[in-house]
Each structure stands twice: as C-alpha cells, then as structure tokens.
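Read through the structures below before going on.
You will see chain A twice below: alongside chain B first, and alongside chain C after that.
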Partner chain A sequence: MTAPKKLGQQSVKFSNPPVISAWASIVGPKEGQGPWAKDFDKILADYLYGQSSWEKAENSILQEAVHTAAAKAGFDAGDAELLLAGDLLNQIISANYAARQLNIPFLGLYGACSTMAESLLLAAMLTEAGFFERVVAATCSHHYTAERQYRNPVEQGIQSSLSSQWTATAAGAILVQPGGNGPRITCATVGKVVDMGVTDPANMGAAMAPAAGSTIKAHFEDTQRTTDYYDLVVTGDLGSIGANLASQIFIQQGLMPPPNYSDCGVLLYDGLPDIKSGASGCGCSAAMLCGPLLKKMSRGEINRLLFVATGALMSPTSTFQGESIPGIAHAIAIENV
Partner chain B sequence: MNEGKSEELKAAEKKEYQNLVNQTKPKPPLLSHCLWAFAVGGLICVIAQGMLNYFQFRGMDQINAGSAVAIIMIFLGALLTGIGVYDKIGEKAGAGSIVPITGFANVIVASAMEFKREGYIFGVGAKIFSIAGPTLLFGFTASVLIGLISYWFK
Partner chain C sequence: MTAPKKLGQQSVKFSNPPVISAWASIVGPKEGQGPWAKDFDKILADYLYGQSSWEKAENSILQEAVHTAAAKAGFDAGDAELLLAGDLLNQIISANYAARQLNIPFLGLYGACSTMAESLLLAAMLTEAGFFERVVAATCSHHYTAERQYRNPVEQGIQSSLSSQWTATAAGAILVQPGGNGPRITCATVGKVVDMGVTDPANMGAAMAPAAGSTIKAHFEDTQRTTDYYDLVVTGDLGSIGANLASQIFIQQGLMPPPNYSDCGVLLYDGLPDIKSGASGCGCSAAMLCGPLLKKMSRGEINRLLFVATGALMSPTSTFQGESIPGIAHAIAIENV
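Let's look at the complex of A and B:
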C-alpha cells in the first residue's frame, strides 16, 4: 500500500500546502553587483562582515538571514519552533554555530548546494504533518571558506578553468507555516544520488546535471504534469555549462525541455565580467529563491515555480582518491494558489 | 537515470555522458594563454637578469650575484602575494608566473596567509608547505640522487 500523501516513485503531494510566509536573503559584495541587487535584503560591504574570520562571517550572515525572515513575519527568531539548516563546510559548522546563537531547536542537514531545497521540503513535510507551525529552512555559503576547504589558498596565483564556478557568498532563510499569506509548497520530489563518472572538480555543473535531469524527469512522471505547467523551472547551481548539459539530458530522456528553464548559477551573476561558468554554493540557489524568485512570486510575475537545487556530494578527500563526483537534486513546486 | 540497469549499460551510459561533457566543455584560448605566460614569465626573467648583470657589474662574482637575485625575487614574490597582487597576475599569466621562483614564494606565502587564523603552530606551521611540499620533497630527493650520481661517476 502506498502512503496516502506519496505521489508516484519519488514525490509527495501536500493536501494542505504549507505557506512560505516570509523569507530573507543576505549576499556578499560580488552578488550585490549582479542584476538582482535590489531584490536582496542586505548586501555586505566586505567579506569579513566585521568578524575575525570568514567562517565567523558566514555563520553570522546565516543568523541574520533567519532573524530577518522571522522579523518579516512579525516575531522573534527565538519563537521559531524548528531550524533546518546546513552549509558546505566540514561538520556543517556555519549552521551549527548559527544555531548556537539562535536558540531554536535545530536539525542540521548536509546536501551540499542542494540544502535550500532539502531543508525546504523537510520544513514543508514537518509543517503539513502537524508537528510544527513555524519552521525555518536556511542555508548559506561563503566564497572564501569554500575556496580554502575545496580548492587553493585565496592569494595563490593560479588560472581557474573556464568551466569553474564562483562559490556565492550568500545566505537565505525561509519561514514555513501551515497557513497565512504567501506562495505555497504544493508538491516535492526527493532526488536520488546520481553519478555519471565526472571526476573534474572544476566542472561541477557537468557532475550535477544528470542528477537534475533525473529528479526533474521523476517529478514530471510522478505528478503527471507537463513541462509547460510551470512558469519557470530553475535548477540550483549548474552554471552555464551544466545548464546546457541539463537541457540536452531532458531531450535524451524523452522529456520536453521546459520552455522557461534556467539556472540560479547562470542568473546570479548574469552580465558580470569574467564569471566563467557562473555561480555555485548553497547560497547561490538560496539567494536567488529568497531574493528575486519569491519576490516575483509575491508580485504575481511567476505563479508556478519548480525549484530544483542541485548538490555535488564530494569532498577533497574523495577527489584526491580519484572518486567521481556524485550529484543530487531535490525539486520543490511553489505555487500561488 | 541508471536504476535497475546492467553494469554494462551503466558503463556505456557513463561513457556517452563523458563524451557529451567533453564536447560541451569550453576550450581554453591556448594561444592567448601561451602569449600571456611567455610575456609575464619572460618579464620576470628579464627583471632578474637585469639585477644579475647589475650586481656583476658592481663587482659581485656570479655565484653570489645569483644568490642575491634569488633572494630578491623571492622577496618580491612574497610581497606581491601579501598585498594581493600576485593572484591577479597568476589569473592572467598561468604558468608564466607559477614556474619562476616568484611563483614558489607565492604558494608558500599564500598558504601561510590562508591558515594564520588557525594559529602559528597548527595553522601556519603545519600548512605553510601544503602546496609547496611536493616540490620540496621531490626537489630535495632529486638533488640528493643527482649529487650521488655526480659523486660516483665524476
């Protein structure tokens, strides 16, 4: 017997779609130069944000994003009942240290750059199930903390590959409630880990594109929606190379390419010079969702959004040991209903 | 994408995808990279050669002048790293600024700067050679081997 709220193989359908009642985004200086500057709640003047290390700056922007989202809904961050958060750093220290200050019951998540979708879909499930009424889903990334963990020292003079992406400095937080005003989460698809053997850590878009393809295909099969159902289908951080590959994968899988398909990694720095394949990091899709995308939804410019955050689940250790890069993607349908 | 399929089919799919990835991967502009590397690498060598000639002109012998030049070039590489210039040169010049001795100074200073916040022992002390380490290890090993060869076969 199938669970009553399950839909097809990998998806769930919400009978009382939870509401995204507030959201907030904070971005770094580079993201503030992009085309969406006016849609973010705050743009940092520098990467340290008054802290003594980049790691501390990262967890403080996560805290601030949660505070800002809660304040928009008219209460204190401490009144939230559950915080679901994660980030890219070892032992998810940004989320853990932010939760230490926030004093909200906390479940830490790791989904690499897919964390915004992972936390949001869990928040929606826990809200719909009736366990909580004020759940915050949040994530963040910082360019320089990710660089030092995954790549090279910042001041080292090396040439980056044309397929490389720039880890965004950004945090996003979303408050999910069972009722109220705002866009609603109507269904979601939990992704499988897909590894097509890409080993180049400077081409993460290529590593994650098959996972995005797999989840999006499953979503349309499970929900029996057509690809033109959504006003916008947006992947997390495939970048221009990964998004191009994803478009080809849709066709290979016999899926009509969604007419309005885009990628947060392409959009975030759109038009900025010398950005290689685009943006990446948990904060990339989080900032796009908690900035321009939800704003457009609240203004009615987008009414049906499929948000598919993508993550590359490798570590420097697995890369040095010659392992290929597994990808994951989770899809969330956000609709004005 | 590859659930419930045989290993062979999975391998074939992976191979096909790999081909697609290779096709879509942007080709680096090799000629402009080479020209940049040649120009910047060459400029660094010209500066060093100028110093060497000057020191010899002022009466230093070749070995001492060479050592003095190496010391100054390492200092300049470290200084440019410290003030945040060398990584910008490296983004354009590639191997042109990595191969000369200034590039060696750059990787060591960049590592030291990066890990200073973890303290002087487990940060700077432990990580300063994290990039330069392999060069040092294999450089020293090669020098010992060549020394032994020259000692025995002289």
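Let's look at the complex of A and C:
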C-alpha cells in the first residue's frame, strides 16, 4: 500500500480509492413528482410515514436508507462498522435517534446541507486508512421539520420569497468499502468557511455560492486536473439563483465551461411548478447522489463526477444577532476507474 | 509504516501513535475559582469577554484556544491543515463562526458533550493515516448560551434540581501531529448510542452513564488491556450522580476498581459551593483535558490516561415529543510512550 497523501492546500488523494459499494435514497411525495422518480428506492406517500411527528418520520427514513444500502451490499445495517451522519435539526436528532436504532458505532456530523459530502469524505479517508471496511455515510432532511425549526409555523402559510428554496424531504445513504464493485472515490477537497456578507436567510444559495467557488478552485489547483476533466461538476443545493451566481464565479475564475456544471437544488424539482429557486436541505444533494447520479455512473453515462455539497452555516440565533451567513462546500471526486 | 488496524468491534489501534503536540484551555470566571485555576491558559474576568453577545463570546474563546495551542507548537493557527470542532449550540454556530475567522479547512461535528473525544479520535485517525500533519481538535461551551437555548430565560432565576449540572464556560483545543514531543494517542474506541429510557433532561448524568459503561467495556474487550492498565479513567461530564451510577455499572461489569476512576464534571468545580451535581458542557471535559490532565501527563504524574467524553444526544424538541435521552461516549487512550 502506498501511503495516502495530502494534495496541495485542501485536498487528499486516495492511492487505493475506496469503493461506493451500495447506495440508497428515499424521498418525499414532492420529490417523487420530479423527473427522477424512477431513480429513488422509495417515494413516501405522505410526510408522516406512519410516525407521530415529522421529526420521527425524518429519523425513520434515514434508518431505512441505511438499511436499504446495507441490504444491497448483502449484509445487515448492524454489521456496518461506523456510521457517519448528520442532519439539519437542532442537536442533529434525526441522526442521533437513527444511530440509536441502527446500533452502529456513530460519529455525528454537522455541515448543514454539505453533510453528504462531509460524511463521504470522512468515510473515504477512514476506509482507505484501513481502520474500517464497512462505513456508512448518510444524511437526511424533511420539509416540515425544517420549516418549523428555521422559519415560520407552517400553518400560517406565510408567502416565501422568490429566492427561497424548498427543503427536500429525502434521505441518502452510501456504503464505502475498501474493495468490490462500484464507482471509486479518487480524491477529495475539504472546504474552508467562506462568508461574503450575505445576510438574507431566504437567499441561502447566494450565501453558499462563493464557498462552492472557493472549494472547486482549490480542488482544481490541488489536483492539477483540468477543468474539463469531469463529465459533471454538481454543487449541493445552491438553487437556480445560487447556481447562476456560482456559474459567474466559475467563469470569472476561469474554472469551467457551464455545460458540464449543474446543481442538485436545480435538478431535483426540474420542471415542477412553483418551486421558487429550487430545492435545499441535506437530503437534496444526498438523494440526487444516491439516486440519479450514482445510477448514471453505474450505467456509464457519467464516468467522472465531482460532487460538491454546499452548506449554509448560520442559525436563527446568529441571524437574529446580525451575523452574516457563512458557507462551506466539500468536493468529492467519484470515478469509474 | 505498518497499516493501522481495527481492534475488536469498536476500537482502532495506532501503529504510529499520533502526538498531542500542544494544547490550550480558556475558562470562565466560575471555572477559574475551582481547584485547577493555575492549569488553564486564561481565565475570563466576565462572561461577555468584550463581545456583544454570549454566543459571540463563546465563538471568541474557541478561536483563542486554537490560536494559543497553535502558538505553543510554533506556528499560526491558519497554518493548521484541518479543524475538527463542534459545540452545543443549534447548528454549532460557535464552531462555524470560529472556523470562518480561523480560515482552516473545517469539518463540523456534533457529539454534544462527547465532542472533545470525537474530534480527537478523528484527528488521530486522519493524522496516522498520513492525510494531514497539523490537525486541530477543539470544542467549547458557555453557561449562558446553553441556559438560554436549552432551559429557561436566565433572568427568571428558576431553581435548578439537585441532579442538574452547570454548563461550563470553557474552550479546549488540541493539536495532533504525526511526530514530535508530547503524549501519544495509542488507541481509541468509537461509541454506540445507548438509551436506557431516562427522560429527565435535568438528570443527564444518569442518561449518559450507561453509554460510558458500554464504551469502556468495549474498550477493554477490544484492546484486551486489563482494567488496571490506566493510571486514570476519566469520563466526560457525568457529574456526581452520573459518576456514582457509572461506578456501579463498572463494578457490576467487573471493569475497574473505583480508585482510578473519576469524572470531569465532578473534578472541574471540586470543592466549590452550590454546584449541584457538577459541571457539564463540551467545554467541561475539554478544559479538564487541555489543562490539568495533560499537564499531569507532561509532568509524568499520569502516564496512561483513558479519556471518555460523554454526550447526551437529545434536543428540546425530542424531549417535548416524549423521546428518552440517548447517550454516547468515545474513549481515547493517551499515553506517555
């Protein structure tokens, strides 16, 4: 085994690229109306999924995504050696209570909507290092748990702004193993927190776009890959306003031609009416990756994917205290090699 | 380099044990009145520390702990390659805003009061694996930010119960490097979420004690070390009621004789009046480790330490919805070798 290496300022390179051996996604009713319905493992009929609260429903779909991914790889979820997971709720209760039921050694993460990339990045590093052979990276979000925590009582029916995004109801889980069949994680870039002074919590795409730009720039500099290396560079959940802003940032920085760039927040509800700036939430990029994107990779329609999940790191308290909204993005190179 | 190894069900062993090359702790006024005052790097004169809010004060002391630890190792905080940090606040805003100022590639964690052990465990794994050479593990808590988030408006002066713990105002930071001088991290055990059905959020020690028992039992089984191997086994912040319960669990499981067991929540305010069941908060075990405990190790008064930070993984929402309180504990073996 060649020793794994740091690459440039913020990236790591995997000499023995870990394998994404299985994945699963579960989405809510709205997500099931979009163009990717056939690519998800399950579409919920309603938002409670037989539970007594939206929060318990969110925890349930996270558990089920982990069970489904493990089953596809031929073992029980309880046989996984490590669960790396987080969500948007205060004290990441969805991940905590899912970890209690799953009974897997657990490390809780908080990266807001960047969590799918954060968990996958750590899963790949710990797997290549030889500490674990079955690591699960997972995350979730739920429209109504996010609404009542971050915004207004949903019963009030307050009108959302044109720049606002719809928190996806979705969970995604990925199983990372040192070998086997599947696309491989070849390198990754850890993001820095970037804050350009955006203060409108109804325009998180704009707050996160500079972080996506910073991480993607660092990725290409660190890896010395050309900007046309990837078949698709996809950001987490900038939404249409944030993705347009990100495109401008990329062009300014000479990073990539727009044709091979897209955003999970734009893609998830593509073509649906009344979706404002698109989708957001940890589950947005998780479901797009653990559904349509990895399916496209398994069919060879995409062979080189740069997955860049983005997170807005504020809280209602920090906004109330006049703080601007910091963003972060982590990039994961997934390749058929 | 020998490949690092998984040990038993939940533990990892470091063939080239990473070094704790520097550490720093900053505590609040109350913590500075306890028996360990001379072991902290700074004691705050008040709870605002020149900031406009308690939350901003918490973020400031976390930053300063990281700066202080880096300076002790002879470099600027911005030269660190990775920051692993989290805190108790919703969306871990203390860590997020500290990471923005520090400008270090950042992975946010949430493990409630287990965060110092979670961050240190990941720092050790990523360092030994060769990905990074200067990783900072850090966490913090602030009495008044926790009070207003988790409990009642502090101005109401509501009487606390005898089992309640006082959230410490404190930050701790540790620099982990592959070589150099300092105690080494020789192995570690990742905790599972354990829930014995405790539902009283004013008795978190009792909720966390079974998790401490579970992780310590797994640690001794996985490492095949004898229960008298360590000079000190110290849990995170069970407080006096939780630590007594933990002692009973240890004795039942034949794990260790009480003389070499203690708890950071008991130790931090030892001898102070009116402290109910003791201290809690991410900063409690962080300050005890990054102050008195590592100083004792550097003086050779302790040579083998098992640090077991414990976390209660509920939220006000989960409590309101009738959920019991799950606990978690991660164990880190720190040795002068």
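Throughout what follows, the second predicted complex is superposed on the first by the 328 of 337 C-alpha atoms of A that agree within 3 Å, B and C clash if a C-alpha of one lies under 4 Å from a C-alpha of the other, contacts with A are read in each partner's own complex, and residues count from 1 in each chain.
Here, a residue touches a chain if its C-beta (ideal position, glycine included) is under 8 Å from a C-beta of that chain, and two chains touch if they have at least 3 such contacts.
Quantities reported herein were computed from a predicted structural model and do not represent experimental measurements.
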Chain B versus chain C as contact partner of A:M314, first or second or both or neither: second
Partner chain in contact with A:L293 - chain B first, chain C second, else both or neither: neither
Which superposed partner A:Q91 touches (first chain B, second chain C, both, neither): second
Chain B versus chain C as contact partner of A:I43, first or second or both or neither: neither
Touched partner set for A:L267, first chain B, second chain C, both or neither: neither
First (chain B), second (chain C), both or neither touched by A:Y110: second
Greater residue coverage of chain A in the superposed arrangement, chain B or chain C: C
Which of chain B and chain C A:A173 touches, first, second, both or neither: neither
Which superposed partner A:K192 touches (first chain B, second chain C, both, neither): both
Which superposed partner A:A129 touches (first chain B, second chain C, both, neither): second
Contacts on chain A seen with chain B and repeated with chain C across the two complexes: 52-53, 192, 194
Chain B contact footprint on chain A (complex, rising order): 52-53, 148, 152-163, 192, 194, 196-198, 203, 206, 210, 213-214, 241, 244-245, 248, 253
Complex contacts: residues of chain B adjacent to chain A: 1-3, 13-15, 17-18, 20-21, 24-28, 33, 81-82, 84, 86-94, 97-98, 103, 106-107, 109-111, 113-115, 117, 131
Residues on chain C engaged by chain A in the complex (per definition of touch): 1, 3-6, 9-10, 12, 52-53, 55-56, 81-82, 86, 89-93, 96-97, 99-100, 103-112, 118, 121-122, 125-126, 128-133, 149, 190-195, 313-318, 321, 323, 326, 328, 330
